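I've put the structures underneath this note.
In the two complexes that follow, chain A is the common piece, with chain B as its partner first and chain C second.
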Partner chain A sequence: MAGKSGRTIAATPQTGLKQKLLSLEGALVIIFILINVFGRVLSPNYNLSNVMRESPRYLAEIFMLFGMGFILVLGDIDISVGSIVCLSATIGCLTSNAGLPMGLAILITLLTGLCCGMINGFIATRFTELPTMIVTLGTQIIFRGIAEVSLGSGGSASLKDYEGIGILRAKVGPIPLAFFLIIICAVIFVIVLSRTTFGRHLYAIGSSKTAAQYAGVEVQKIRFFCFTLIGFLAGICGLFILASTYGANTTTGQGFEMEVIAMCVFGGIATTGGKGNLVGAFIASLVIVCLRIALGQINMNTQLILVIIGAMLIISVLVPSFRQRFLTLKKK
Partner chain B sequence: MKKKVISVLLCVAMATGILAGCAAVPTATAPAADAAPAEEAAADEAAPAAEGAGTFAIVTKSAGNPFMDRLGTGFEEVIKAAGGEVVRKDPESATADAQIAVIQSLISQGVDTIAISANDANALISVCNEARDAGIKVLTLDSDVDPSARALFCNQAGVEAVGQQLIDAVYDLTGGEGQYAILSATSQATNQNAWIDAMKAISEGDDKYSKIELVEVAYGDDEPQKSTDQTQALLQNYPDLKVICAPTTVGIAAAAKVLQDQKSSVKLTGLGLPSEMAEYIGDDDAHSCPYMFLWNPIDLGRLAGYASLALYNGEITGAVGDTFEAATLESSPYTVVDNGAGTEVILGPPFKFDPSNIDEWKEVY
Partner chain C sequence: MAEDLILELKGITKIFPGVKALDNVQFQLRRGEIHALMGENGAGKSTFIKVITGVHAAEEGHMYLNGQEVHFKGTQDAGAAGIAAVYQIPTSYMELTVTENIFIGHEIMKNGIIQWREMNKKAEELLARLHANFKVTEEVGALTIAQQQMVEIAKALSTDAKIIILDEPTAALTANESEELYRIVDELHEQGVSVIFISHRMEDMYRLAQRVTVFRDSRYIDTFDVDKITDKDLIKAMVGREITDMYPKPKVQIGQEIFKIENFSRLGYFKDVSLSVRAGEIVGLTGLVGAGRTETFQCVCGIEKPDSGRVFMNGKEVRIRKPKDAMEAGIILLPEDRRRQGLIMSWSLCDNVTLPIIEKLSKNNFIDHKKEYELSRNYLESVDTKAVSIFDKASTLSGGNQQKVVVAKALAQDHMKVVVMDEPTKGVDVGAKAEIYGIMGELAQKGYGIILISSEMPEILGMSDRIYVMCQGRVTGCLDREEVTQEKILELAMDQSGREVS
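Up next, the complex of A and B:
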């Protein structure tokens, strides 16, 4: 593996156990444990079966976390995913109601997400001068607009064949199917981002697009792929939302994009690109979900819960920069 | 050296953290392992409590909505008087999605009844069924869900009665001919849509209304700013507009402010809260709203409170013909009727607020 310089990849500093515990992920695990203890102490109803029963809506959201992690590492952003969730759930619901078999409707739901992602990817890679924030702001409005038009004046559609979609609500004991899928996704995406060439390319692009380009990384192809991927994941999210609400309406998925971005940032992924990993983001998402469920069960004012999550988010972004400052001060 | 001390200290802190975590893990997971028995135990506990107070929940449409606040006030008053415990939940946004999260949380808490003002008739069906399967009585007030998913709907007024009163007000204010527009809440708000449909049906079915023309139904989504924007758009797009009818308390307040600020000749009517609308109600040109209607939201909350208690005590099941007492309400006792789709109780006819009585009512709610 030794290059011309004589250095090897193995020569990159290895992190010890101590470092791992001190890292953001270690801190997040501790916060996660503390929140569960806290939930258990405060609310007698905070137990596995109740948390799992309340979780499907949040689990659906976590699917998008992995794709969003990729996009943010690339240094891009996608704020249209909430609308993709709405559109794919709407199309899935309407096609099933039109008499198509459920299997086909599920496929169409996923394809809708995929196509929306491809549209985002196409615009973002073909017109690289446009910031992705603006591209996806545009498609956010367009996708939700299409969903609203399809839903008609009522603004909501309910699934007639809700037996068919029941398979997506299947549970093993108290644990919903979606949870297992999430774990599988987490393992795959974490490995892809941290252990493969593709993952390395993502970090390279996020650090410097130009440098990556000169190093022979197919920047635009990879960006297109990532936008398509998150579109597809939003389709999966839409599917599970459809399965848990038996329908779609014009507010389905509203605000999901920001919640997912918040989970990523809380988990240490920088919106400027090239930094962070999915392990942190995944643990952070579980922290936020458990916190919301626990605070909900003690009947805390829902607006206050949002305030707390917002404050946590800012603190989590500030802590690493303070630590950096502290370390540089000490070196002097 | 200093560095070492700090790192040792941090390590110790971490270790204690982890130990605490490990020690706590059994507590956190233990109930999970025997979740089912725990639930049974909870059910056993709930059974003897049946003679006692009980816990009654109310789920509003959104936070910071004065109408919803009053519903909560009335509900709370009745339940507390009966010795029950009240859980009031506002969803984090005015969407069905946010309401689902809130209702799920209430199911976890094992409350006895849930009264919901629904943001969407369809999206809440599955969560309401889940609540029912968990032994919770579900009823709706103000805005209904699909009748299959609840025991009873506490209706503020018959749909027909509201539609009739609103269209008559429009007829009166336009002078029998001219253009009018409707400023509604969200496009899927169950009750607003029902009233608007009733208005359309009545005006199409009777020649008396043939000369008044509905130009647009605008949606302000029950947000003050969006309602203001929509009102301004209506004024711009339809210079001949004579009347705006806003069957939503947020919409009517926003529209009233726009019309009065712009000294517009367009008149306003609809459904509004007296305390918010007092400064706009008057017969002269300086005021934008000659009169409007509403039921008493505190009374509606009370009605839902009595209905919750009756469902909980087993006095009623929500079937047609069931009756229950509502001590502090004038129209008591109430009888459950069929509204064509499901069962409901009707609070009473809408009340008219005009310059003669507004000063008295603005103090009340």
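Up next, the complex of A and C:
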């Protein structure tokens, strides 16, 4: 049905193979391949079994990536997740040591993460005038504080019974169980964000909270859900950390929040909300993990690795604006 | 006799990649004159202003200031030559004081130290010249938009501007505030300052200008003496065709009452507001800004929480706790601030139109893109949106077309029964205005109930079947189309004691 003036509006999306290859995700895939070739050239020890042996700590972290992607798309941020990892691992370890069956201890670990997330979500949605950076900075200190108090003067706890949790360390060939779980999570979260109404609502909130509210999107409900979700994912991360280190201490999970945020940003998710997708973030996380393991194989100093990753992060954020400049120059 | 021209532009052509924004345009400003510049959105007015102020360099043409040819390389050059511009949306720094804002960039210094006392004194003098009633030490963010504009004008005067350009100065102002602005512009005029102002409001032009220049489609059309033209001629010059009826109100058989609110109250905003709408009826709701009109309907539509109040649809009470409840009941709000509340500016038209109904365009929560594209195109075309593709970003459209997208977004909610339009033609040019009124008429014909919240008297008088007037948070009267006059409305909109409520 055309308008009175008979004017028509085009409704065919323009997507081509070339555009896909030129996109950020395409570039990230190429970087991922390059990093692996580079790792192989650098050190003969850079092979599948070694990479997989080094991977559990990083894989545990990637669980939180998906939740953080949602949170950042919403235009929020959660910097308390590292502390949630610590607290849930601590509580899980202590309850198991107190004689609870492993199954129950695992459940309590996950619930701890969930509850921490709910607390963040409650404060963030009840007091909307507070920036979530500040809310989660507060709870970051509180959650780690509770963990430290629980750990007592020693500042660490080890699992007495590490038989039961062994199931989380199961492997299929050289590949750990966590890897498969992550692939499943990646598929689910990517689809939810890119194809469902829930995903569309996340982008709406991140682009304009006010306009989203006026359009009937339940802004605060969704924000609460996402904070709870990332808390739960931090609980899963805590569980896998517990399984791979057989214990928890006051520095467990320290800095994880920033690493996860960095992976998201590297993958093209803007911290201002409403932009980016999890495909990019997930590939970016694999790039960073592979790079860290590869550089670790040649015994590069850990701090130096961080310098390289930091520099990569800044460059990656600059690339789109350079690209824009290049494109406008070309048009002229 | 040669005219005393302070500014003259000849044969100005400005080309942006792909478009000719100005095509051989001319303009003459007499010394001490107030000159209106009118035309539809996209006619090239803003670009033209930017050429004068040195933001853009023209590809062709000459510009003469006091008879001397000048070439501005940047805004500094224009500022130094005594040309200053005040934009529609004040560009002040909200956290800084009035003095700081006025002297920003040209602070009075002695040995590198800012001379606060002297600056405050100078600022006070400038405000006194404008008869402003606020202190120079106040934070600009605490002032009203009208006062913020005064700060901008004072800023222009502080640089000793001889030519002041006002870009849609009254678009964000209420009727009273506009009066205030008229007074200021008159005073500038008396002080010998030459003024160019852009506006969509005929009122502004009749009230202030001696001459008016009209642009259309990037071209110069004509310059008229204001006291020798009629509305009709001017609109024809601007739109390029005759608009026979600005308010095309079709004959509609008004039906049963479909919507009613009772005793809506919210402390500090409004009290005991009750009103009703019948099928096919356009109900106007007017009053001074701050009378509580917008706030009332934000509560009715679930954006804010009222202290009390009941909503009835077709006689049955509906409970509205959140915006979604209102939408499901069939009450659709077209918010006042379309750029912030009505649309997501960084999104495509399609995504904007389908946002409220995205769940209905999905199967098991998966969005059906084909359906989405088809539906949004249909609704965007039905309101005659000027866009190339449904994937255009909302921010690329003109104000009038953005409003049409908001309307399309409302229409897409097919269970709509009542439409609340809050200032639907604010910042919209004449041609698009008439189109929006046309759409309103069609909606009424189709049996929807329409609530038109507006401060613009002509549109309230032209479109409404019944008019409710609010004052200080209360409904002070309801007038029928037959009995209504502008005086009666004003009487009801003013406080009983005769004092004006702001």
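Keep in mind that, in the parts below, the second predicted complex is superposed on the first by the 317 of 332 C-alpha atoms of A that agree within 3 Å, B and C clash if a C-alpha of one lies under 4 Å from a C-alpha of the other, contacts with A are read in each partner's own complex, and residues count from 1 in each chain.
Here is the rule we use: a residue touches a chain if its C-beta (ideal position, glycine included) is under 8 Å from a C-beta of that chain, and two chains touch if they have at least 3 such contacts.
From a predicted model like this one, the values you see are computed outputs, not experimental measurements.
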> Does chain B (first) or chain C (second) touch A:G274, or do both, or does neither?
Replying inline: second
> Given the superposition on chain A, which partner contacts more residues in chain A: chain B or chain C?
Replying inline: B
> Between chain B (first) and chain C (second), which, if any, makes contact with A:R195: first, second, both or neither?
Replying inline: second
>> Applying the document's definition of touch, where does A:I315 land relative to chain B and chain C: first, second, both, or neither?
In response: neither
> Once the shared chain is lined up, is A:L306 touching chain B (first), chain C (second), both, or neither of them?
Replying inline: first
> Touch check for A:A211: first (chain B), second (chain C), both, or neither?
Replying inline: second
> Between chain B (first) and chain C (second), which does A:S244 come into contact with in this model arrangement: first, second, both, or neither?
Replying inline: first
> Can you list the residues on chain C that touch chain A in the complex?
Replying inline: 17, 303, 322-324, 327, 333, 335, 340-347, 350-351, 355-356, 358-359, 362, 365-367, 369, 373-374, 376-378, 380-391, 409
> Which of the residues in chain B come into contact with chain A in the complex?
Replying inline: 2-3, 7, 10-11, 14, 17-18, 20-21, 24-25, 27-29, 31-32, 35-36, 38-39, 42, 63, 87, 89-93, 95-98, 100-102, 104-105, 107-110, 119-123, 125-127, 130, 146, 186-188, 193
> Given the complex with chain C, which residues does chain A contribute to the contact?
Replying inline: 1-5, 7-14, 195-198, 200-201, 204, 207-208, 210-218, 274, 331-332
> Residues of chain A touching chain B in their complex?
Replying inline: 18, 21-22, 26, 30, 33-34, 36-37, 40, 43, 45-50, 53-54, 57, 148, 153-158, 162, 174, 241, 244-247, 249-255, 292-293, 296-297, 299, 301-303, 305-306, 330
